[in-house]
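Here it is, the structure, as structure tokens.
Lettered A, B, C and D in written order, each chain numbered from 1.
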Amino acid sequence: MNARVHGIVVWCCTGLFLLPIVWMFGTAFKSPNEILNAGASLLPTTLSFDSWLAVWQGSLFTLISNTVLVSLSATVVSVVVAFFAAYGLVRYRFPAKLDYLFLLLVLIIKMMPPIVVAIPLYSLMNQLSLLNSKAGLILAYQVYTLPFCIWMLLGFIRDIPLEIEEAGAMDGAHLFRRLLHIVFPLCAPGLVATSIFAMILGWNEFLFSLLFIHSPDKLTIPLFISNFMTEDGTAWGELMVIGIISSIPMLVLASYMQRYLLRGFSMGLK
Amino acid sequence: MKLQLKNIHKAYGNNTVIPEVNLAINDGEFVVFVGPSGCGKSTLLRMIAGLESITSGTMMLNNKVLNKVHPSKRAVAMVFQSYALYPHMTVAKNIGFPLKMAGLSKAAIEQQVQSTAKSLQLTSLLKRLPSELSGGQRQRVAIGRAIVRDPELFLFDEPLSNLDAKLRSEMRIYLKQLHQQLKSTMVYVTHDQVEAMTLADKIVVLNKGAIEQVGTPEELYNSPQNTFVASFIGSPVMNFLPANIYGQVSRQQALPSCVHTVGVRPNQVCVDATNPSCMMTIEVMEPLGYARLYYGQLQGNAFIVESDAQYGVGDELPISLPRSVQHWFDANEQRISAKEVSHAA
Amino acid sequence: MFRKAIIASVILATTPMVNASELVIAGRDSSYGEAMEFIVSEYNKLQPETKVTLVKRPSKGLYESLVLSMREQTGNYDVILMDDTWSTEFLTNKWLAPLSKAVEDKDFVQATFDIGRYPDVKGSAYAMPMVGNVAMFAWNRAEFAKYGLSQPTSWTDVLNSAKKISESSDTNGVVFRGVKGNPIVTGFLPILWGYGADVVDQDGHSTLNSPAAKKALDTFLAMKQYAPKGVDVYNADEVRESLQKGTTAMAIEVWPAWVPNLDNAEVSNVVGDIELMAPPAEVGAPAPMLGIWQLAVPADSDNKQAAESFIKFATSSAIQKALALDYGMPPTRNSVYFDKDVVSKYRWYPQQAKALASGKARPRIHNWAEVESILGDYLQLAMMGQMSAEQALEQAHARIDRIVKS
Amino acid sequence: MLFENRKQLSTLLLPAIVVLGLLTAYPIISVVYNAFLSVDIGSGQHHFVGMANFAELFDDFFFVTAIQNTLLFTVVASTAQVLLGLVLALLFHRNFPGRRFALPVIIYPMMISTLVCSSIWRSWYHYDFGFLNAAFVSVGLPPQEWLFNPDFALYAIAIVDTWQWTPMAFLIILAGLQSVPKDISDAAMVDGATGWKSTLYITLPLIQKQILLAFLLRSIDTFKLFDKVYVMTGGGPGNATETLSMFVYKYGFRFFDLGMASASSLVMLAISLAMTLIYAKRVMKGGKQ
């Protein structure tokens, strides 16, 4: 397959994937009346900003900045903690297969339905006086993100040839300098992928945010989104607008980070 | 004495890899560990590097015990088989890395990297990533990274095995020059006896985790201590014949009774059309250019002869086995020196 | 708006000042949220010293938040908005604080106020009714006239009219909420009650195996063939849509809050055609289903006094009138139902007041949600034809009897 | 020697152990404990009921259906996602015009809030007014019953999940591909392996761990399927899309019946553990000296 054909094929696949997103953007710019009678149309006949005006309000900025703060912090904490843990688990020898046991336990945590975790976690957070605080939410998100990050990073760390690290040690780098100068940059694609996922987990998290936060000035985006889907009906235009607004920061982040993802080094032997 | 290994023992759990090794390496020596794969040579090297722990015994560098010193603090440099270049760093960064770890200033690093690169003819490649280099270039970068900080000891772990034959012999000469130039102590691991012979001041032959013999290349070649060393050193491999068969195929007086096996190097067998002691049917012939290798059997024992005489496959090769170049081994495969024999006689 | 401006001054004279404090109110989003926001802003005009924080929970999140918070006694909330079906659980768990005698007011529709008393209708009030929802029956008078049908008075009438309309036109006869869970149950309850049957009796035993229940379910299932395709996944959205688009002639269960725009020509094709009335009964008098949203003070609140004053304010007639007119919130006070401004906007309000007065609350059992969910599961299976009406009721009966906690 | 220092190891693992221990020890213990209790949420009173909760669950025809549905969904959705993700990753592994822009686009569905995503598709699936049926009719195909056909509803949701989460499998596998040494595939080319052959025999085995990881993570997530069902079908029609998570949700949050919620969670855990252990084991292995 030559590069041009290859490109066309990929872009066609991409386009197909994109259809619902085009619809989302189209609907966001349709007037309420046009939404009602949309049928098979993807794009609006006339641009309408009604939905945007309805969503745009003062609290939106607070909501977004809260969400960015919470999910970014949760991601950083998770990725750093998981990076160390995964490194230890991959490289070090454990007695009695304790490493596998630990990984299995981590996996079980990941498998737990968040709802059953939420109820006891609520009591715990209450006792720690962490209810209704962003710090508490960041901590609570670790239940989702940390097990995930540990498992994600295992493979990427394992892919780094041992000899490169040994060379680092011979060159005078002790553990933490080796992690910083060698392991960390070499895991970059894996770390980026992991961070994006962790970030998404935090970004779209609904349940803990609903239960653990009650001050309006600390709420996150997903709760705001649910405002547009109520028993009284779904506000389609508004829902699509908030869908776009809430996904843009993630998209920007992912676009920025993708170069690390696509960089990748040949770590082969020859 | 630069490096001293006393009663070094290595085991993984119940699995003993190195039963006991004692070795002394002098300052400025080029020492080669050679042996078949799995003989423990790499493990030994990695213990010197600090990458493997020492189960028991004492290792001393410059008369200081090294056992518990972390590799990063040993002032030992190592060149890996895979070169282990940092894929995300340019050549300059790779070479400068040990200096950076040692806490040198940027200017100092820059200056040393430049001079090292110059000596290795890498100056034009400094901005490249390892993935953009050829095998030989990577090799030189790996060496550059090792020499840049002037270590107490250089370790080489089969550094040439990933290169093609031509490059390998070039690099061999280069390494030899480097050693003469730096006059530093180097320990080199290989499974290739040619490399060992050409490079070493001192060869350590290892087998099953134990040292079989230590000596200069000539010593090892001329008086191998046992059949293992005898067969491992020298190419093509030494011919071995049981003492009784040797008696039949050579027209010699009876060998001392303690001799069990007789070894003759192929290039020391005479092709003697006029007065052969026996004939060998040529089964395979390999021309080397300056000579030919003839493969056949003597009374059921494989035998190789190197000679410039011109014979073909199927021909009967007239050979005679001179006494002066025979190696005698006893029932335990240990060398019996001529002195011992004459003494016994 | 002029009316809003005068409310504050009216109430200023009637409400005692309370000390400066901070109130956190757990409310709902969407129209309830906007209504609450209005109340809060009016209250702040009156009590500028009191900082009121309104927490708008999504409708599927309020209950969970409340239970967790009150169970752990966090004291997070000072005022809560709650559905009357939750009150039995909250009250028996002693999670609510009693209100003072001062909240009693004869102006409230008695049935809506009594729902907040504990342990029985003679007990003291623990909650005040803010929104007086009552399930109504909707029918399209114009459509009925077309086929010479008259107002249905029994469920058999409904079924026959549905048949007639469906068979003679493209219009569907009847629509209801068929989606699994709570919706299908509330869609079915008016019929069940209309047949004189119920889910549980006074002592909290399941009575779903009664012959009347069987008849009710048969009627309900028979209606499916005159309902729009896919009614098994219909929810409020779809019911409203079918009514307003005029594609369906009747709706079994319509909550007034869903349809403030029935007569709004911009979104409705049936302006002036739809009648809302108390649901028909097959035997005895109609028993419309109450859906009261109450305001209460959690026992763990630290500002009970201020909270009570807020609740009283929020349920005052001036506020209710404003809520009814501007936010379509059905009131709970007689004076508002018969207010002429209000009636001129919602012509069916007198009907609604009547329905409210004779309204019936859903069973006062501890775990109604669970009972409702079980019943909903089996109703759906029967609706899908995967089980006969008899089997569905029998199995629902057995399971409900086992788990019900009164 | 590099990796034998216990103190270093504890330093590395301690943060994770502290965070996870603090957050999950109590929840895990309480789940296991509560599964054998009958708990009254209000008073906090509880008494031991042995296996009664489990008996109740397995006696419930809806629960058994939920297990079947969940397993079917997990297999279908995670397989679709990993396969599609693999194909996309292989396509994206080679450079092409505009790759830098196509990548963010292709992972965009994952960034959209699940609520919004489920709503978009709920609207698309609407029988009368939905985009899909409108598109079908406009090209002369009959409209489909997407969500209210009990035989198709689960697959309809699987389509949505695949749309949203294939990007995750794609990214994991792509990241794996990026760390495959280029010279290996080049060497394969020299050895005469053509495109797909070199992919099949050379590349795939090298990224086997990433493929397994994608499978592992996706099957855990799909096994927990909740939001989409909640928004799109509520578990219906009938019990066609009833899942285990819906059960746990119902017991945990609608009824606050901690005993039953914990018991159903344990059943969930047991099944998902049994299901994933095979590849979890293979993902865990290797990498040490």
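In the analysis below, contacts are C-beta pairs under 8 Å (C-beta built on N, C-alpha and C of every residue); 3 or more make two chains touch, one makes a residue touch a chain.
Given the structure is predicted, the values throughout are model-derived calculations rather than measurements.
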| item | value |
| --- | --- |
| Intersection of the contact lists for subunit A and subunit C | D |
| Relative to subunit B, chain with the most remote C-alpha centre | C |
| Interface with the most contact pairs, given as the two chains involved | A-D |
| CA centroid of subunit C to CA centroid of subunit D, Å | 38 |
| Inter-centroid spacing, subunit C versus subunit B (mean Cα positions, whole Å) | 91 |
| Euclidean distance of C-alpha centroids - subunit A vs subunit D, Å | 15 |
| Whole-Å gap between the CA centroids of subunit B and subunit D | 55 |
| For subunit C, residues that touch 2 or more chains besides their own | 64 |
| Multi-chain contact sites of subunit D, meaning residues that touch two or more partners | 2, 4, 182, 253 |
| Junction residues of subunit B, two or more chains touched | 50-51, 70-71, 131 |
| Set of all touching chain pairs, with the criterion as stated earlier | A-B, A-C, A-D, B-D, C-D |
| Touch list for subunit B against partner subunit A, complex | 49-51, 70-74, 76-78, 80-82, 84-88, 97-98, 101-102, 129-131, 135, 145, 149, 155, 162 |
| Interface residues, subunit D side, partner subunit B - complex | 1-2, 4, 182 |
| Subunit D-touching residues of subunit C, taken from the complex the two chains share | 63-64, 67, 71, 89, 92-95, 179-181, 229-230, 232-233, 367, 369-370, 373, 377, 380-381, 384, 386, 399 |
| Residues of subunit D touching subunit A in the complex | 2-5, 8-9, 11-13, 15-17, 19-20, 23-24, 26-28, 30-31, 88, 91-92, 94-100, 102-117, 119-121, 123-124, 129, 131, 134-135, 137-138, 163, 166, 168, 171-172, 174-179, 181-184, 195, 209-210, 213, 216-217, 220, 223-224, 226-227, 231, 244-245, 248-249, 252-253, 258, 261-262, 265, 268-269, 272-273, 276, 280, 283-284, 286-289 |
| Interface residues, subunit C side, partner subunit A - complex | 24, 26, 29-31, 33, 53-61, 64-65, 68-69, 72, 74, 76-77, 236-237, 240, 257-258 |
